[in-house]
Each structure stands twice: as C-alpha cells, then as structure tokens.
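Think of it as A, B and C in the order they're written, each chain with its own count starting at 1.
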Amino acid sequence: MNKIRDFWNLVGPVFTILLIITAIWYASAVWLNSAWAYDKAKRANVSISFSEMVSDTMIQEKPLLPSPHQVIKEIYKTTVLKKVTSKRSLIWHGWITLSATLLGFAFGTALGIILAVGIVFSKSMDMSVMPWVITSQTIPILAIAPMIIVVLNAVGVSGLLPKAIISMYLSFFPVVVGMVKGLRSPDQMQLDQMRTWSAPKTTSFWKLRLPSSMPYLFASLKIGVAASLVGAIVGELPTGAVAGLGARLLAGSYYGQTIQIWSALICAAILAASLVAVIGVIERITLRKMGIQI
Amino acid sequence: MNESVISANNLSLTFETNDGPVHALQDINLDIEKGEFVSFIGPSGCGKTTLLRVIADLETPTKGVVKVNDMSASQARMERAYGYVFQAAGLYPWRTIGGNIKLPLEIMGYDKLEQKERVTQVLELVELSGFDKKFPWQLSGGMQQRASIARALAFDADILLMDEPFGALDEIVRDHLNEQLLKLWATTKKTIGFVTHSIPEAVFLSSKIVVMSPRPGRISKIINSNLPSDRTLEIRDSKEFLDIASQVRDELRKGSSDE
Amino acid sequence: MTWVFSALLTWIVLWLINIQLAKIEANRFINLLVPALFGFSILILWEGFVRGFNISPILLPPPSAIAVRFSGSLSILWIDFVQTFIKGALSGYMIGCIAAFITAVAVDKSNFLKRGLLPVGNFVAALPIIGMAPILVMWFGFDWHSKAAVVVVMVFFPMLVNTVAGLNAKDNIQHDLMKTYGASYWQNLLKLSLPAAMPFIFNGLKICTTLALIGAIVSEFFGSPTRGMGFRISTEVGRLSLDMVWAEITVAALAGSAFYGLMALIEKGVTFWHPSQRK
C-alpha cells in the first residue's frame, strides 16, 4: 500500500500537470481554430452548431493550432509509415540533424576541455582568454549562423561540417565554464596533500583534478548537447536547406503547413530529451563506478 | 509558589527514519517556573535540542502535552512568548546588525521610534554599542553570537530559549559571555532554557540542571543548584560548585553506561 | 606575405607581453589590459591574414573594411537595433522575467505545483525553444510582437528554474527564526526568501540577457518586416555583402555585452552581501 502511495507522490503531480496541459492544448485548439471554422461555414452559406464547429477545429488541414492527435498522427505517418530513406521521413530528417549535433557536440566538448585545461594551468591564458570566452556568449552567435554556412559553402565546405561548427561553438562554452570550475574544485587541503606526496603536476591532474571535475563536466554536457541541437537546427535554416528538422520547420512555415511544423518541433523536443537522458545515464554509470554519490 | 511557565506532560517524540523509528524523546515530565535558569545537558542524541525545539513549536510531539504560559506551544509561538537563540548566529547578511535586531520588531509591528530605542538599549546590554551600522561578516564569531542574543532580547518576551549558543566559541570568549548572560538574567528576570554540552557552563549558569540520556531520549535526573544568584567566575573553584558538578558528571556517566 | 608575417610577429609579441603581465601583481588595470591586448592581437592577426593571403572580401572582410562599412551605415544599424533589441528583445525579456518570477512565487507556495510543474519546467528549458519561432510568427504576425513572444518563451523557463532554486536557498536557522517570530507568509517572503534568492535571480537574469537577444534575432529569420538585425543579416548574406553582416554582428555584440554588463552592475549593488561579491 505504501509503495503505491510513494509512486503516486512521485509521479502524480507531474502526471496531473501533463493532463492539465493536454486539456489546455485541446481547449486552445478549439478556440484558435474556431475563427476559420466559422469563416468556412459563412462562405458556404451554412450555419454550424457549436459541436460541429468543435469537431471541425480538430480536423482542419492548416489549423492555427493543431490538436494533439493531429500532430501524433502526422508524426506516426512520417516516421513509422514512411521508409527511413524517403525524403519525407521524419526519421531521415532527424538523423541529418542528429549527425550534425553529435559531431559538433564532440568537437565542442574536446575544444572546451582543452581550453579549460589551458586556462587552469596557464595564468596568462586565464587572464587573456577567459574574459573573451565569457564575452563570446553575450554575442548572439546564432545570428551569424547564416553567414558561417554561406562562407563555408563558398570555400567548398558544405553539408554536415558547417552545421557541426555552429553546434561546436554553442556547446564549447558550457563545457569550458563547467570544466574550469570543476578542475578548480578540489579544496586547498586536497591540493596540499598532493604536494606533501611530491606528486608532479600531471599526477595531481589525472588523480585529483580530473576526477573532481566529473560532476561539473556532466552538468555542462547536458547543457552543451541541448545547445548543440539548437545550433544544428538553426544551421539548417539559411540557404533554403532541404534536409533536417530545421529545414522541415522552415518549409512548414513557408507553406503554412502548421501540422508539419508542430510534428518537426515535437520530434526535435523528443530528440533533445533523449540526448540529455542518455548523458544522464552515462553520468550515473560513470559516477557510480568512481564512487561518487549522486 | 511560582507558577509553572513551561510544563511538559508525558511528552514523547518519535522520528520515522529509513533505519527505523528513533525515539528522540520519551515520557518527558518537566516543570519550569518563572524566573528560573534551567540547563539541559547530556550526550549527543539525548534529545535536549529536540526538547527545546518542541517547547518552541519548531517540532511537533507525537504524544503528550507541552504548555507555555498556559497556552499550547503553537499559540505561545504566535503570541511571541519567547526569544530563540540558535547554535549559529543566523544573522541575515543583507541587513546591518541594527537591521537584524529590528527584524523581529518589524514583524511584530513595533513603531519606528520604539524600534530605534530598543536597538540601542539591547546593543548596550550585550556590549556591542556602535556596531549597529556594521554588516554581520564584519564581525567576529563571538560578536555575531552576541548580536543574535541581542536580537532575542529586543522584543518583550518573558522566555529565552538558547541552544548551545556559545558552543563554537573559544574558552575565554565563552567565559566572558557566560558572565554577561548571568548579568542579563539578573537584570531582565526572564525564564531561560539553555542547552549545553559543557558541565562547568551548566553548573555556572543555572538554578536547575536537567540531565538527559539517549536512546530513548529521557530525563535521568533534575539537580537543583543552591549556588547564590549573584555569582562570579571565581565560584567555579568553590566546594559547592565542584559538588554539583560531580553530581552532574556522575549522572552523565550513569546514563552512558546504560547503553 | 609580409602582411602575414608581420601579423604573426605582432601576435607573438603581444602574447609574450601578456605572459609577462600575468606575472605582475593583479590589479584592475592589468585585468583589463591583458584581455584587451589579446583581443587586439586577434584583430591584427585577422587583418594580416586576410590581406596577406588575399582572401576575398566576400568570404571574410578585414576588420578595417568592417569599420568603414559600420561608420557608413549608422542610420540603418540604428533602425535595426531599435526594431530587434528595444522592441523585440527588451519587451519580451521584461514580460518573460516578470511572468517567470510570479510563477516561481506561486510554485514556492504550493507543494503540488512544486512537484508537478518543476520537472516539466526543467524539461522544457532544455528543448530547442527556437523552433517555436515559426509558430509564433504565424500567431502574432511578422512584426516585433512575434519576436517578443519568442523571447518570452525562451526566457521564461531558465528564469523560473533559477528563481525557484533561489527561493529555496535560505538556510534552516534563518527559516526557523522566522517561525519563532510568528511571521506571516508574506513577511517571510519579503524579508527572508526574496533577499536570499537574489543571487540566483540575478544569475537567471544575466543568462536571459543573451537568450533574449538570440531569440529576437533568430526569430527574424522566420519572417520579419523589412527591418531588424536578423532580417538584415539574412538578406545581406544573400547579397554576399558580408561586411554589413559583420557590422550588424558588432552592434549585436555591443548590445549584448552592454545588456549583460548592466545586469552584472545591478547585481553588484543588490547582492553586495554575497561572498562572491565580497572577494
């Protein structure tokens, strides 16, 4: 009996909120799409009842706000029912975006760690580079995504790489900040202890600083992977891109295909959530092996 | 016959933890009369802090009744019947010392002029005059604790509850503060409940010493002190003092050998 | 080639100067000089490489050309700035942060909301919110209102998460003290929870300054009247006049840094008592 109560305490509130959100979604769909429904009826010189209007709002082709089941149907149609290699398949588009994300994320993490190590061990690097790293984030890099794509295309670098570069730029910052904090996190006592053992700086790094920075690293990786995904999506917007979730978003908005927009968006959301969850799992396994309690 | 200001009747408190129930307090019966200085002493886990917190309505008992000023503990708390001093000063860093002392006065609705007067008065009592515009981090640990005591004295409450307030301070500062506390007690005539780890401190300050023992938390013995109320630190070398101290020590030893 | 060599030489010299400067006792002036020299050396490198390797200005204009274009287009840059930053980003920022703040206070009061809304909020904060831009353009039209709406959505969740964390940040003794004073809910909120939450709230406010600017600019890629920083960037990219693009970026960088800096300044004043400000 207690176990059921505990489970409900944990899941109940989230479940209720999700239920409420779904209800609000349906209500808003009716509300927003009603104008079009009444419009259609007026032009056909027919008057429709309230319930007829409601059912119409649920099946419009270009609704202002698609109802949840319309979006689910569209997602189902373009993932399960389409061949994975088809240009209409959301899985295919998702993979295009995902590959750029993962590549950029890998580059960004590597760059971030290298910069962090440099900043922690070289005072001149700390003083010259760190302020610029922070400033770089106040510059809206996403804004120059179009330019980066065009420039790289002009020198013959196209397709996956330019998007990966944008993703790399977005994900390196959380990694630098997190790693610097993490590498500096051992307290003075622990560092002094290494000195009493005459440990060289490299040993101190591998055996003390690096392990201490793991929790910080994983927190940054979660932020970084989400940022990479955003970078890849925005990287698909310029030059009338034809492939990827961002391209689907753009195409949908050009042609007023709202259901397409929403299904691409939900797909991107699921992708983001899965990536963060995967990192969470890796984090738990790694930290548990290292003996750190989460 | 003095009225009973704080009374506990068959008081029990059990905490449910992952390792099973913890009997923090069991069948506590206690009467504290007006104007007494009562110390609670015992090893870790004997429930002395828990008892103080129950009196302050910061914990709820699972059984039994506690009455403060003839009201339930919750009512007494809403009537602002007592001032509480914690182990750490708990001063709000965004307020000056004066601002911190004004905090309860603002909440309880004293007017601005009265607030100012009380702050000056109470800072003088703890010998911190002139520090009202300083911030907590600019003061030493001992001074912060004095400020926190001043804060508890600022409003009109007949009862003062103190939970190991001098535990984190060094011996010299501690002695000095003990003396000041006694003087305060003499001047203000409040009823004071004081939790401590230190036998000399308990014997020096109190009119009544409650010795407690753990697992389950209970009162082993109540020792009345017949030392004169106007004492100085020298009394710690007197025969009467050492007598009472050894009574306390024996009782504590008995409690710990029961395990 | 002389361009390239002299640029490299200058960079190396400045780097060596920086290494020496880093060894001197740190003071405010040195702390500003070192990164300034570093930034300047990068600009020199950039100019030198572009000229030396004869890189086409269509691909990468040298800093000098950008400066010229910048000073020549001040009126256009100003119009774009007002449209994107002041109308879009700033209004969205204020609405989003205030809404998040009120929601956080409500969540703090209700345990049910805390356990239900927070996990959902944490989840949404990690999603590519920028994807909502086309939808919001469709609902609110091409003008700055849709951009403000995007900013509201982007700013709301990080601000909510930070504020809720802040409202929980008071320590046990401070909280118990309030109970012993018999303080009411509002007294507790105003005198303890809110001041204690300020460091977290400002952390959120600072993060959201960058999110606001990015949201406003990128959402213009999805549709905009013929002005605005995002609009200008995408059209000038199409025309391959990249010096104008870099000029717009400069404006964006200046605006972003100034906005962030303003928040940091206010933070210093409000949270003067926090250990991180007292170093």
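Assume contacts are C-beta pairs under 8 Å (C-beta built on N, C-alpha and C of every residue); 3 or more make two chains touch, one makes a residue touch a chain.
Predicted model, so just to flag it, every value in this text is computed and none were measured.
Enquirer: Classify the chain contact graph as line, ring, star, complete or other.
Expert: Its topology is that of a line.
Enquirer: Any idea which chain sits dead centre by C-alpha averages?
Expert: C
Enquirer: Rounded to the nearest whole Å, what is the centre-to-centre distance of chain B and chain C, using the mean of the C-alpha atoms as each centre?
Expert: Spacing between the chain centres: roughly 50 Å.
Enquirer: Averaging over Cα atoms per chain, report the distance between chain A and chain B in Å.
Expert: Result: the chain centres lie 54 Å from each other.
Enquirer: Provide the C-alpha centroid distance between chain A and chain C, rounded to the nearest whole angstrom.
Expert: Taking the average C-alpha coordinate of chain A and of chain C, the gap between them is 18 Å.
Enquirer: Taking each residue of chain A in turn, which ones touch at least two of the other chains?
Expert: none
Enquirer: Give the residues of chain C that touch two or more other chains, as numbers and ranges in rising order.
Expert: If we look for residues of chain C contacting two or more partner chains, we find none.
Enquirer: Under the stated contact criterion, what part of chain A meets chain C in this complex?
Expert: Contact set of chain A toward chain C: 9-10, 12-18, 21, 32, 64, 123-124, 126-132, 135, 137-147, 150-151, 154-155, 222-223, 226, 229-230, 233-234, 237-238, 245-246, 249-250, 252-253, 256, 258, 261-262, 264-265, 268-269, 272-273, 276.
Enquirer: Contact residues on chain C for chain A in the complex?
Expert: Within the complex, chain C touches chain A at residues 15, 18-19, 21-23, 26, 30-31, 34-35, 37-39, 58-60, 112-117, 119-120, 123, 126-128, 130-132, 134-135, 137-139, 209-210, 213-214, 217-218, 221-223, 229-230, 233-234, 237, 240, 242, 245, 248-249, 252-253, 256-257, 259-260.
Enquirer: Contact residues on chain C for chain B in the complex?
Expert: Going by the criterion above, the answer is residues 171, 173-174, 176-183, 187, 191-192, 195-196, 198, 271-274, 278.
Enquirer: Residue numbers of chain B touching chain C in their complex, please.
Expert: Counting only chain B, the residues touching chain C are 56-58, 77-80, 82-84, 86-88, 90, 92-94, 103-104, 106-108, 135, 137.
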